[in-house]
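First chain written, first letter: the chains are A, B and C, and each begins at residue 1.
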Amino acid sequence: MSAALEAKLGQAWKKPPFITNPVFRWVLIGGSILYFVVALGGIEVSWDRIVKGMDYGKRFITAFGGIFVALFDYIRDVFPWLSETFPRFFGPPTGNDPSDSRWIEIWTEKEIIKGLYESIVMTVASTVVGIAISIPIALGAAGNIAPMPIYLFCRAVIALSRALNEIIVAIILVAILGFGPLAGFITLSFATIGFLAKLLAEDIENMNKQQAEAVKSTGSSWGQWINFGVQPQVMPRLIGLSMYRLDINFRESAVLGLVGAGGIGATLNTAFDRYEFDTVAAILLTIIIIVMILEYLSGVIRGRVQ
Amino acid sequence: MPTLEKDGRKIWQVRTTKSQLIRWGAWLVGLAAFIFSWKEISDNTLWFMMDNVGEVVADIAGRATPPAWSFVFELGRPIWDTLAIATLGTFFSLVMAVPVAFLAARNTTPSKVLVRPIALLIIVSTRSVNSLIWALLLVSIVGPGVLAGLIAISIRSIGFCAKLLYEAIEEINVVQVEAIKATGASPMQVMAYGIVPQIMPAFAGIAVFRWDINIRESTVLGLVGAGGIGLALQSSLNVLAWPKVSLILLVILVAVVIGEWVSAKVRGAII
Amino acid sequence: MYQGWKMLELQGLTKIYNTGDKALSDVTLTIPDGQVVALIGPSGAGKSTLIRCVNRLVQPTSGSATLDNVNVTALGAAGLRKARRKMGMIFQEYALVERLTVMENVLSGRLGYVGFFRSLFRKFPQKDVDEAYRLLDRVGLLEMADKRADALSGGQRQRVGICRALIQDPSLLLVDEPTASLDPKTSRQIMRLIVELCTERGLAAIINIHDVALAQMFVQRVVGLKLGVVVFDGGPDDLLPEVLTDIYGEEDWEATIEKVDDEDEEA
């Protein structure tokens, strides 16, 4: 038996701590607990209001369930073949006239369609413009191909776009341009630039140098070099990121209306103000469904191009 | 190699005809959608108002400068609240996201047909709805204030964290887990020894990443009454107190930059 | 050849994966107490499947595996955990939990014996801790106890893997290609260590290995597997070139077998 072993036998074993300095460790743990307690304790809770609000909560959940069922019934009544093909899942048809559905009623009456339509229009336009502007900015923000002054300028644009919350940009733009989808469109385009140009620039910086060099060595012009040496390498990711951004822009477009920048948000805000939970539930359900569809589509497209 | 027969000779092409058609089709559809969308936006815009945009900008900028520096001393509490919403919100969302992630990951879910779809539904529905909308809903339920913001941020972050976490769980090395199983460990022990150590770096990264995002989001929750510095922004905007507005925007900018810096530092230390 | 009592008995063990691959067909095999068996065969022969069917990391399709008179194949979840404590497993890619320390990896071999909360807070009984130190000292890694597993070299990791299996206090070792990721010299050291430890502790072992020379050097009995069927069972000296050709296909086996004799020993 070695001496080293003899020294260890009978000794308790403890896992070495993640932070080795004991003072620092205890200050960190103590500080975190203290912050947690103080921060949580500082939150004012009005129980009376919550008791009253529980009723609203219940109404919202009931409305959400109701609108979900109404949508389900609607789908079944519009597509009778679903009940025949998946009888276990869809059950027998209700036999009602689909155009009498509560879902349709809420959906058409409360200007939901108009708001959604505006949201989608803003999403599409801002994503396209955002991508178009992102590409030159990304080229300028890639350290390996852009000259210094252009690099700094493009990086500054990206940093600004990322630091400013969409809602805040929208507030400022509404103050300048007035209410309406134009403010929302510019907001989302600007936000797209920060997101897309940054990731794309990183991609260009990480691309395979040899491939790009090979094209350069053929004596091509700068434009040809970008077209043949750079573009093929980053194109799949550009498409993937654009689809992802389309999805984000739609989600964001749903809240810009809260500050007057167009889209479904304004309708939603009014519905909340009037405690019309049927409308709220219908809007939320529609948003969730559209986001799910977009996510699915972007997954398929990303799978295709990569 | 994609080639095209022409006059009996093969002509080299970059792409096959079919994929080229799809490509052009996609461009065309995209362009048409854009033109249509742009027309809609344009129709809903009062363009004559844009004639004096320059003046409006100059006017607002003039009113907003210099920022009301001394107002910063009144922002202590709102800043504290904003930080509390982001930090506690991240904490509570992680507490809820961890079980959801384990139920959603293909290799740890107790049932792929029953439990997993429910977990995925929680992830999708919390993720699809913006935190401002959650805040609106919660303001109507628990009343205006920090509590509504805290719950909104907690719920909104569940889906985000759970999604990234369950992807990390699905990518773990199964042999390490098998090795722990082979010792006769119970399922809980397999989790604690085989799985948790493997996802710890991902978990820490996700926590810090989401905290950074939550700082940004919590700055605007006040606009719908859910506490924090956004509340001060809203009230200053309501009375058109532009110097205060510009100061608040500056503070928010600084907070966001600091948040990003801290999260980058912490992530660097972990990985 | 069969001296002691039957430590492990496989009866008609068959495994068909749900991809349709028949990895094992009707394997019947008895391993007495304290015997070290090398399981040889080309890649895909079903060696890993066989030992995984024993501790049921893979569920056999039919047949049974009986360990020390306990039919492991028929056990429920709790019984299986108990039976697994008696079977230490050593893996090809070491399978250490990389982000845990060496000591935690070794002590994880005791998980079947301690409760959840003790293990969660790393409060293992002192005798387990002492045993872990003894084992680490035996394999020459005492100094590394508090290092993280991913800071070790391949050979060192495999030694930790051996400690984790031995601290279970097993009566059977299941060893899956312990040397496949190691250089030749380290391979021999690890093989020697495993066999020595088995002798010291009187353990039975199945060692999967496709390096025939290495197998012949260290074990008393060799079982040859080909496409899931046992095609050879005998002493290392009975492994004639014809037999190897049957198992692996045509090759110059004289050279391989001769190499064994030339191999010089070093510690």
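Note that in this section contacts are C-beta pairs under 8 Å (C-beta built on N, C-alpha and C of every residue); 3 or more make two chains touch, one makes a residue touch a chain.
Everything quoted here is computed from the prediction, not taken from an experiment.
Asks: In graph terms, nodes being chains and edges touches, is this line, ring, star, complete or other?
Replies: complete
Asks: What chain pair shows the greatest number of contacts?
Replies: If you count contacting C-beta pairs, the leading pair is A-B.
Asks: Where the CA atoms of chain B average out and where those of chain C average out, how many Å apart are those spots?
Replies: 48
Asks: Rounded to a whole Å, what is the gap between the Cα centroids of chain A and chain B?
Replies: 6
Asks: Would you mind listing the residues of chain C that make contact with two or more other chains?
Replies: 104
Asks: Which positions of chain B touch chain A when the two form their complex?
Replies: For chain B paired with chain A, touching residues are 30, 33-34, 36-38, 40-41, 44-46, 49-50, 53, 56-57, 60, 80-81, 83-84, 87-88, 91, 124-125, 127-130, 132-133, 136-137, 139-143, 145-147, 150, 216-217, 219-220, 223-224, 233, 237, 249, 252-253, 256-257, 260.
Asks: Can you list the chain C residues touching chain B in their complex?
Replies: Per the touch definition, chain C meets chain B at residues 55, 57, 81-85, 87-89, 91, 93, 95-100, 104, 108-113, 116, 119-120, 161, 164, 168, 174.
Asks: Any idea which chain C residues touch chain A in the complex?
Replies: Residues of chain C touching chain A: 101, 103-104, 122, 124, 126, 129-130, 132-134, 137, 142-143, 145-146.
Asks: Could you list, by residue number, the parts of chain A that touch chain C in their complex?
Replies: Within the complex, chain A touches chain C at residues 1-2, 4-5, 8-16.
Asks: Residues of chain B touching chain C in their complex?
Replies: Against chain C, the touching part of chain B is residues 173, 175-176, 178-186, 188-189, 192-194, 197-198, 200-201.
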